[in-house]
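First chain written, first letter: the chains are A, B, C and D, and each begins at residue 1.
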Amino acid sequence: MIEQVFFFYFACVIAAASVLVVAAHNPIYSALALLIMFFHVAGLFVTLHAEFLAAVQIIVYAGAILVLYLFVVMLLNLRHDDRYHRQWPMAAAVGVTLVIEAVILTAMKGWATPVVATGTETTVEGTSNAGTIGDVLYSTYLFPFEVASLILLVAMIGAIILAKKDLGEPTES
Amino acid sequence: MTFKHWIKTITFYEILVGMKATMSHMLHYRPSTLQYPHEKRTLPDNYRGMLALLRYDDGTEKCVGCDLCEAACPSRVIRVVSAEVPGEPTKRYAKEYYMDMTRCLFCGMCVDACPVDALGMTREYEWAVYDKRQLDLNKEQLLAIGDRSFPVREKQLELQHPNVAFFNVAFKHLPQKPD
Amino acid sequence: MTELSLRLAVSLAQILTEMGIVMVTVATMTYFERKVLGWMQDRMGPMEVGPYGILQPVADGIKLFFKEDIVPAGANKAMFALAPMLTMVVSMIGFAVIPFGPNMTMDIFGLTIKPFVVADINIGILYILAIASIGAYGIILGGWASNSKYSLLGGLRAAAQVISYELNVGLAIVGVLLLAGSLSLVEITEAQAWHWFIWGARPDGFFPIHTQIFAFVVFIISAVAETNRIPFDLPEAESELVAGFFTEYSGMRFAFFVSAEYASMTLVSCVAASLFLGGWNAPYPGTIFEYVGLEQLAWVEHIAWFASKVYFFLFLFIWIRATLPRLRYDQLMRFGWKVMLPIALANIIITAITVYFFPRG
Amino acid sequence: MTVPLSYYLVLSGIVFLTGVIGVLLRRNIVIILLSVELMLNATNINFVAFSQYLHNVAGQVFVFFALTVAAAEVAVGLAIIIALYRAKSTINIDEFQLLKW
């Protein structure tokens, strides 16, 4: 009962905030709507017993990514914003198709909870959520983890090179 | 970078020295400030505070309306309207005397310029007011300042030594006027 | 249902008590900061209101409460109003996971509660990091919504600075997490019985090789930077940016920003005390009250130890402010990324290696 | 488990769709990137919901990787935006049509 109340609260706010992200004219409002959405997604994670991910969601998304967005929006001073794009018929077509697909799929499978799969490699129960994720991350998914660190390294170098002014010219100092 | 320098860097030596200095000031706490409205600093003897007009001991004004102070003032603080003393064609007095103290820089040149010692510098300095027009003082206010700051007054010129009436150099213990 | 409402009521009482303690700490901090700064600079500090100016925080509060609330022309009103509230709320709710006293339970009205920690969640330190990362939003929004170039510059500086130094805070505590093997602040504190993490404690004994003193130094410096205190107070550098992000704020909103700064100072002091200095643990085994046969009152000594550690850190903040000049902006960034970050990373690696070779028993 | 899994899927579908529409509809590159974040979050919701319902922690691990990719995407994307803004002093996507035919 109370779980459903929480779910519907989070779901409504997430949906409304995501619509606001797309619809808001001021980029700052978009970013703030996204911030609200991140918070409620984190809340949803908590109701799903993934509290470690909830914390990481806020730290990474809200604490780092969105601050960067706000930083860039303020740096470029994007107050005057735009109409929507010309290709909205295409967007509508894609959107409607996807909505129909989603509705059909969910209607086909029904609204019931599927049977719990068997033979899972690691269960969520047991030790704490963070501990479980750590165990799996550093054993089964060690290679993807290393690849992720490589992605971050590449992104870091790429961002520095892209954002740096007058590259290639001899720098004074 | 020498080893010593390196050690100093990683142990925050210079920052610690600074923090020791602030801490020693806190431990040996001797404030160099005063609780001003409650306790006041002793003023130096030659303090130049509020200007005042002076009187002789019988209550007559010293000022003869000569305008020399107005001429000497670098900030054009003083405005004198002089007139003849009624019935005495040879004597003049200041009919109106204004000092706009918002402009005064307390240089004391008007006091130097006065030939009859009619101006004095008191030791008053708390003259903050809410309306700066209150600082445009007239003769009565200036005389009142002089009355309360110099309760002991000089004798009339005629009652002093005869030379004083002429040269105005009688009081040997006072600073002499520069020529 | 009655049990739920009872639990809610008890939690609410706990939260209110804790907020009250924090607000009193904030009020006394505004007084003691001015007082201690005065003493260190051969001045007296506030002396007028009450004996030795002790009622100055009350006078300040009343004055700010009755001041006119000015919203600048062209400001974004909603954001302008939201920013101080966001900052204040964020700096207050972080205290929920701080253990102020020993991890004991108490029975009230048939409920078992922990009196000295509002919420003992198992990701406590991550929660605090998440909360701290939200703190930047209030500053950025306040700077942006004021429609003033000083405020905007202050907000942008705050954004860059808080991101940079939060990274160092996060990395500095990883060593402690490796040693404690837990993310819960209660368990981390309990793991440091009398040998603290700064000297290399572990839940199963004392290993000086695990010393976290470098992480501690990095944490303290980064915490000073993250709370925008001198010498890292570039977002509110008064000689360049008037007052930075709260230039345009007045009255109670200004008071919110200022008290949020003090509250976040108190929060990082609590975190530093819990993570590195053993929280409510005394620097000797057990408590004196236990030795003299007063086991019931041991928590008083524990809380006294916690409070003294927190107040030491708060005093350190003021002491640093009285001593050091403000850094230049490029110095700040270079220091954060080229000095603090490598030290924190090296600390993680060394701690990991030592934990690997001396595994927890 | 009083909330059926399909609720989570519908929610994530709605959020994902909103993201898609945002990418197609908006002309401000920053908003487009924000819409991409919406889509990533929709997948995250799915991952965590499935992880909970299938009792398999792998979904949460994948959310972790999605976060990593999102962070990398933001760093590079915002750097590109800044470079574009330097070049044309606008970030309206209609202005960047050199590769269009």
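In this section, contacts are C-beta pairs under 8 Å (C-beta built on N, C-alpha and C of every residue); 3 or more make two chains touch, one makes a residue touch a chain.
This structure is a prediction, so every number in the text was calculated from the model and none was measured.
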Pair of chains ranked first by number of touching C-beta pairs: A-D
Centre distance in Å when subunit A and subunit B are each reduced to the mean of their C-alpha atoms: 73
Whole-Å gap between the CA centroids of subunit B and subunit D: 75
Geometric centre distance via CA averages, subunit D-subunit A, whole Å: 6
Distance from subunit C to subunit B - Cα centre to Cα centre, in angstrom: 53
For subunit A, residues contacting two or more additional chains: 52, 56, 64, 68, 75, 129
Graph class of chain-chain contacts, one of line, ring, star, complete, other: line
Touching chain combinations (by label order): A-C, A-D, B-C
Parts of subunit C lying in touch with subunit B, wherever the complex brings them together: 36, 38-44, 47, 319-320, 322-324
Contact set on subunit C toward subunit A in their complex: 76, 79, 121-123, 126-127, 129-130, 132-134, 136-137, 140-141, 144, 152, 155-156, 159-160, 162-163, 166, 170, 183
Contacting residues of subunit D [partner subunit A, same complex]: 1-7, 9-11, 13-22, 24-28, 30-31, 33-35, 37-38, 41, 44-45, 48-49, 51-58, 60-61, 63-65, 67-76, 78-83, 85-86, 91-94
Complex contacts: residues of subunit B adjacent to subunit C: 15, 18-19, 21-23, 25-26, 29-33, 35
Contacting residues of subunit A [partner subunit D, same complex]: 1, 3-4, 7, 11, 14-15, 18-19, 21-22, 27, 30-31, 34, 37-38, 41, 44-45, 48-50, 52-53, 56-57, 60-61, 64-65, 68-69, 72-73, 75-76, 78, 81-88, 90-91, 94-95, 98-99, 102, 106, 109-114, 116-117, 120-125, 129, 132-133, 136-137, 140-141, 144, 148, 151-152, 154-156, 158-163, 165
